[in-house]
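Read through the structures below before going on.
Each of the two complexes below includes subunit A, the first together with subunit B, the second together with subunit C.
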Partner chain A sequence: MFAHLLSVMIFLPIVAGLILLFAPLSRTTARIVGFGVSLAVLVLSIDVYAGFTATGKLEFVEYIPWIPSLGIAYHLGIDGISLFILMASAVLLPMVYVLFGTREKGYYANLLLVEGAMIGAVCAADLVLFYVFWEVMLLPVFFMLGLYGGPRKIPATLKITLYTIAGSLLMLAALAYLAVQYHALTGEWSFSIEKMGLLDLSGHAAALALFGFMIAFAIKIPLFPFHTWLPDAYTEAPTATTFVLSAIMAKIGVYGVIRVVMPAFEMEFARYALFFAYAGVIGMMYCGLTAIAQKDYKRLLAFSSASHMGIIAVGVFSMNVQALTGTIYQIVAHATSTGVLFLFAGILEERTRTRSINDLGGIASQAPIFALFFAIAMLASVGLPGTSGFIGEFLIILGALKFNVAIGVLTGLSLIIGVCYMLWLFQRVFFEKSKTASERFKDLSPVESLAFVPVILLILVMGIYPHPFLRKIEPSTAQYFAAATPVVAQATTVTPALAADLTTEKN
Partner chain B sequence: MTNDFMLLFPVILVSLGAIGLMLAATSRCVQIEQAAWACGGLFGFAFLVQLAATLTGDQALYSSLFNDILVVSPFSKAASLVILGCGLFTVCSSLSYFKKNNFSSTEYYSLLLFAASGMLLLTMTRELISTFIALEIMSLAIYILVGYDRDNVLSTEAVMKYLILGAFAGAFLTMGSAFVYGAAGSTKFALIGNFVATTGFLSNPAILAGSFFILVAFLFKAAAFPFHAWVLDVYDGASMPITGFMATALKTAIFAVFANFLLADSGLQQGWVTFLFYIAILSMFMGNFIAIGQNSLKRMLAASGIVHSGYLLIGLVALGSQPVPGSVVAFYLAAYAAGTLGIFSALSYLSGKGEQWKNFDDFKGLAKTKPYTAFAISIFLLSMAGIPPTAGFMGKLYIILAAIQTGQITLAVLGIVSSIVAMWYYLRLIVTMYFHAPERSFAEECPSRIGTVSTLVLVLCVFAISLYPIAL
Partner chain C sequence: MEHSTFYLGMIPLYPLLGAVCIGLFHVLTCKRWQVPPLVYGLLACVGPAMSFFLALRVFFELRALPLDARFFTYKAFTWFSVGDLHLDMGFLADPLSGLMLLFVTFIGTLIHVYSIGYMSGDKSYAKFFAYMNLFLGSMLILVLGDSPVVMFVGWEGVGLCSYLLISYYSEDRDNVLAGNKAFIVNRIGDLGFVLGMGFLFWAIGSHGFDFLSLKANAHMMTESSILIVCLLLFVGATGKSAQIPLYVWLPDAMAGPTPVSALIHAATMVTAGVYMVARFSFLYVEVAAAGMIVAWIGILTALLAAIFGMFQDDIKKVLAYSTVSQLGYMFAGVGVTAYSAGIFHVFTHAFFKALLFLGAGAVIYVLHHEQNIWKMGGLKKKMPITYCTMLIGALALAGCPPFAGFFSKDEILYSALANGHFFIWLIGVLVAAMTAYYTFRMIFVVFHGQPRDQQAYDHAHEAPLVMTVPLIILAIGALFAGFYNLPAIFGGEQMISHWLAPSVADQHPHDSFLLEFFVIATSVAAFAFGLWVAYKRFGKGAEEPVFTGFARFAYHKFYVDELYDAVFVRPYKAIGAEISEGVEPNMTDAPVTGIARLYMRVGTLVKVLQSGYVRVYAIYMVLGLGIMSFILSQSLN
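On to the complex of A and B.
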């Protein structure tokens, strides 16, 4: 236990990644260094997890003024919400280095960079710092996709980059607006995310700013109708990039909504929550139905990932403790199930040289361990009781029903779609008659199996005994709804009649 | 009086150096390289002097010189630091550029110093006549530098266009000054401001017409809409280092005097704010649409210069909200200068003899053969596009904060939309450099060490400027 733990976790991978980029090293050295550094981050993250006391406040705080005249600071800290995204990225990244050994040096270096930036984004407690890491996170993805992607990589790269940057720039305007509002109300400049929670903005400009943030986060999640970059990017990207995008980066979009949007725009958020929740439900159904029709298993998983992000979004927009806790839980569950499915898909693609479902069949008899692990991750992804997916989805549906019956029912229904395409995929790829491409499918090697074991165990443990995890999450989520009226309220324009309309539910 | 000269020391240093170098050029025993080193040394020394003066703080007592004609403020100090830095890096990129091209002579470096001394005066001047004189000192030197490659048709065309249009702009400035003097009875910014404050902006047609003409002259030199048409051809015709110098130092000087003019006459600023609002928007979008269509990198950078003028105009519209006047504009200028100079410094040694490689397609696969240069260029492009953690991002953040604070939310939003559009052409070069297979070997250019070192230093500058806190 030493000071600046979070800073070390952010900058160790970034510095190591930069050195790897510039130093003339062989690809094996790069892989070993990458694995070592990501393991070191994992060890540090376990230290953080053990030391985390679940007070509901920020812990492990670091504060160094950066631009004092504007109140911009190098301000880090984590609470029960960021802790789990931090843990997910620290636990999952080392696996990539074990599983994929034949990549170039830049690939491993960029993975380290993206890891540091993602940890930075979830630890940042200052809006400007958050924005910096948020944007830096995209650059390695841009290079990994453009340099090591599939045959149609350049259009996919441009699509994701322009899409995300457009969103982020809108967020930049919105966060400038927040800071100016805070300055106008208190006479003090600050970009602290915590202090933005004291604001309760409403009105025309506030709605615009809310949408600025929401579009940025909706593109990253991606929320319907901003998902169109996803199938191309997820399919063309090298496996590790798809994995990072789906398992962690998408979650940082959700995290942004919880951390920045909900506290600062309480009233406006409540006004539009139903609208956003419907967008989540429609996205779930739409992506789920599209997934059924896919012939390419990576594309199918891409749509499935988007569909499951829809349920996480519904959890956020339902605005009560159950749904929000479920969301955080589901974030980890989704990372360990759907995210990990992309790793399996990557192995499948490497060994069979095809992405078409029709070319595969009968793998279960060739590779029983692979099939077993795939099945567990898949069942967790569809939310079978006993796996981590069940707890999260159950809590979210519970919260959604409390929020709005229609949303709850539709969410529950669209889960059935998920079961349909997943089981059908499993049937076609793992059972049925063996095809030429999958005839000599090699099972997981002992090292590879060992790399997957912790995640598979995590899926089962989180499904059977969720209490220790929920205990760390709940104080932070409860904080959001227990807070008294905002300290710095604007001269509010909400009439009692309007207030009754708003479906805000505290607790 | 001695204090006056102390504050003027950088200007005196640079202009005496210019004269000295011009005289020395008549002698046969001065080599071109020696002149270059002398010129670079002068810029470096003046930069350090100015830096020392900036860091020791502002002595308000002596800050106005020569009966208020010249004023040294934190803003003018920051702007002259940027100009001197630009001069230094231009000398470095010239050195590497003239390894391949052979039309340089000793006078080239003397003219650089002359141009810089005019620019330094422009940052300090608070009076219309001296504005005109400083502007002409700068412009005359720049005209010659643009047309320095006498055998090149493009270069000759560029100087012709620039000279004639620039002379028009100068005429507009004198005409405007005459009108304003006729109405206000003074050419000092402060007294004009007092006059406008007491009699009102719209009541006097001479003030209205005069200030309009002055604005036209400034907007022409700053390459803002609708006076942007010359930029593409002139930047394209000038040699790489000079294009870089014009895009950064000249723009800094013009925006410095522009900001000083508007700051001293807040009545005028209020009067013209709507006009500037539309000019800013149109500059940004016009520049973007021109830049998207370009195949030549140099012309794309010229067009993106129009866009950045648009951003700087946002800063001028939002001048009122800055406790330290012009700090946002100065910061943006420094950030923009670091990025732009960096690209031109890299292009100076990449473009080869006679600038034969300056199109997007010529840089296909650069990252494979010259990974460090490609990385540096990417950093500069990301800075110009405003992606953190580069200087361009902080500049953009400050501009947007200032705009929102003055209530110009529309302007802030349109600025954001424009930078989304701009991503397209900045990314295009990065995609070309990284994701396409090389079509030529890039073996012809052996980059001179000075070129690579100055590019590297500019990369560091891009990050250093972004970390440097300013007082908003």
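On to the complex of A and C.
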């Protein structure tokens, strides 16, 4: 069984989720089963983390041919990049079962399904398999949002589903193009992500395929201007769904860019990187500015999440080892800070029955522990040194400055923009005088506090002693900038920016 | 060496642990029983005191080292390492950080003791002390950090504590707004710091990003890149040290409890910018223009703040503007490459400004949180210790020989003139006169004359011992701190300048007794003039003035806050609202909803065709067959 650790981590929640869906169980049982399974995945993930040796190559590889005639395989494996997204989902999801009041059975079933699918997506080493999990991820979200969402759930559900599927179709076409190109050049069929990395496609068709992938990923991340599904979906979705969307699923979009697009389209990617980096910073500013005008705290956090995703995107497109490593680090930091803020928002909503900032105030004096935890997550989200948020953001800004000074400076603006809306929110909700809705706000119970303690500690430990984490990431990210000699050399021109990168990164 | 420098890491750790302990202890006990406040107060004093003793040890160990190798480091662990960026959580003790350590921990400890008295009636006592300890820990990281990034950890940490303590009385909206303002304005500065670090890293950081390596490799940088780095770092300094144009947060920061104003917003944190420039002096000396910008911003801030200080009616605001003004002097000092003079002023200022704030705090405490000087008067008789100690502080601030402030200010003014910056010196002298004026205006109005509020006066009494003892200790400091750097003209040895020489890149002008004598004479004259005007106006009691004309303009601080509000804050919010309500639905989201609507419309159109009647479909079939046979016949021909 332990030879197939990744498979177990993928299919344990999926099978459990399916059983929950069809077995006549009570809500409480469903909740307990969900919690148990997610804990089991957490335990397994710790095993994976401990066993991960950071060679820069795929580890924990599983390979079973699936459709041999087309070279499609059930092929799993993780590197330092997938590891951290995997860990984030394994560590964070158990909290969801503890924190909120018992809900419908289907809700827990869908949570399990989405966990399995997300883990599958980051473990997949085959494009078709990746695509399958990518699509499967959306289904539980569709049901959770559509069935258990807020009053305006239907339009929100339609928008996120149709929008994402539209992107997925483009991706399907693009990945078919990759396989065809690979076949044309080598004479064999394969959908292996690793092998696609040996391709180095350029030209108009390649650019089209690049944009096919990029639009799919940009919708998921979401990258400006493809973010318009986000505020509605994040606001209307039940807390757990928003949390899953923001903390992990968005990151799988970034992961796709790093894993699939960057290696396969090296030259074209370098050509359009500046364009995408601008999309990132514009998105950061746009969503950050919008956040300050929100009257609904969940919506404010939704824009904040989108704004931070802009920074993460900049890290990917800056194309140097500092920025990319910072991106992976920031992915986890964002999950544990901005993602976790949604959990706090969920608790706020559950206890005050309002999402309006104007109705709240003075919670810090009513509920000091809640306020303290919220403040720590908030400070991590604005990148205060000593929290995980700083390390990632600093590395991204550093890398962005090298890539392009203007991008670097604009990325730096997030230091200011983030603080503006967050302090404003904190002031209105936690400081000032209590209002009726927040007058008797109950502080976190010991069990709830205990559920948050690991993630709060993680925020601090990752900020104070990031070295052990970075050591697992760096070999995988550094690989992208090592002397990459494509087997199938097609490119004729090397852009100066890339050439400079390649030479300096070797040192 | 490793084992013997280990304690360097403990210096910031003790207060940080103190903060964690107080916090945990409070969280675990607050719901069950009431812990007597004194427990927290004493607990809070332990960390700073331990750090102070370790700081003494650092000092003596440094002194034992030979002059050219007077530093040691402690690397706790590899902090992070990515590509060619390598950072340790490392601490550096050298003469500069050693001196800062000494007085930061010393004054920090005193203020903690004082706070036991001042905060005695407060509800959330534990929170206050946890924040204070957290602050001191961050400040010590800032001072000891062996690389710009570790320094930045402390730099932002003190900013956070500053925010938390300004908005300490968080029920009042204005206090929270003041806290937000401090945090955001500081963040604007921090952006400069971060970008400065970024450029510095890409220039020479790959050979080691700690201060010692940077210093060794600074020669590899081009002049223009040094200038860019220096200016960006200085943007950071203007934020933290409240210089033009980012000074606006400091006066508002007085919303916090008075010990906070003394420790954070006068004695330690706000001088971090000066410390940082001195730390990077190896860069600033390379490019004269960078130093000049620093010096001019500094001296103009000194002037502006002194103008504002002359018209304030809140005792803490007077002191706040005097802090901004004195910080301006310090920057003028480091700007004209007299780094040791600037740091010397940081050192003396810490004593007398902490003293003045704590004295003001004692007054505020006994008057039940009255801060308006026009409600005070004649307190001399009721509070003799506070009066005497504050008088010493005032004399030191105003630059009266032989009090501490005189020597350090004189050193700066002398360096400015000797290095050929006549106008900086001239403005400096002018500000000196203004400083004497507003300082003694405050002293006269508060302590002399007749009581203006008889009822408050009757209830006034001397502050408790736990508050007056720190005042007395600080007063001794304010009296004698200046002697540590006595210039040669008074037979001194300039101990601090010599001490700092290995750390900072001072450029010494040739000593000229005549010039020095001239500078001293003008400074004393300026002090005497300011004192005289203040005495004439307020010495024997005065009524609250009604400001008109320029005075009114200055009373309202030239409407700078209003200007910033109109130019930055409001547009920022308006843009946010505009994007949220206008751009997002009508432009960004329009294509998406547009496509959806188009799809619906096409669907409606096509729907008409599918009527469900067989006869209609028969017509379609006939039409289709007709078209097909037409095409077929065409193609066959």
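Simple rule for what comes next: the second predicted complex is superposed on the first by the 488 of 507 C-alpha atoms of A that agree within 3 Å, B and C clash if a C-alpha of one lies under 4 Å from a C-alpha of the other, contacts with A are read in each partner's own complex, and residues count from 1 in each chain.
Keep in mind that, in the parts below, a residue touches a chain if its C-beta (ideal position, glycine included) is under 8 Å from a C-beta of that chain, and two chains touch if they have at least 3 such contacts.
Quantities reported herein were computed from a predicted structural model and do not represent experimental measurements.
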Going by the contact rule set out at the top, does A:Thr161 touch subunit B (first), subunit C (second), both, or neither?
first
Considering only the touch criterion stated at the top, classify A:Phe143 as touching first (subunit B), second (subunit C), both, or neither.
first
Who touches more of subunit A, subunit B or subunit C?
C
Subunit B versus subunit C as contact partner of A:Ile19, first or second or both or neither:
neither
Is A:Val461 touching anything from subunit B or subunit C once the two structures are fitted on A? First, second, both or neither.
neither
Applying the touch criterion given at the start, work out whether A:Leu384 contacts subunit B, subunit C, both or neither, answering first, second, both or neither.
second
Check the residue A:Leu450 against both partner chains and state whether it touches subunit B (first), subunit C (second), both, or neither.
neither
Applying the touch criterion given at the start, work out whether A:Val321 contacts subunit B, subunit C, both or neither, answering first, second, both or neither.
second
Between subunit B (first) and subunit C (second), which does A:Ala293 come into contact with in this model arrangement: first, second, both, or neither?
second
Subunit C-contacting residues of subunit A that also contact subunit B
162
Per the touch rule, the subunit A residues reaching subunit B in their complex are 22, 66-70, 72, 128, 131-132, 135-136, 139, 143, 146-147, 153-154, 157-158, 161-162, 165-166, 169-170, 172-173, 176-177, 179-180, 183, 189, 205, 208
Quick check on the complex: what are the subunit A residues that touch subunit C?
159, 162-163, 224-225, 227-229, 231, 286, 289-294, 320-322, 325-326, 362, 364-365, 368-369, 372, 379, 384-386, 390-391, 394-395, 397-398, 401-402, 408-409, 412-413, 415-416, 419-420, 423-424, 427, 430-433, 464-467, 470-471, 474, 478, 505, 507
Parts of subunit C lying in touch with subunit A, wherever the complex brings them together
23, 27, 30, 77-85, 89, 149, 152-153, 155-157, 160, 163, 167, 170-171, 173, 176-177, 179-180, 183-184, 187-188, 190-191, 194-195, 197-199, 201-202, 206, 572-573, 575-577, 579-581, 584, 588-589, 592, 596
Show which residues of subunit B lie in contact with subunit A when the two form their complex.
372, 382, 386-389, 393, 396-397, 400-401, 404-405, 409, 412-413, 416, 419-420, 423-424, 427, 431, 434-435, 467, 469-472
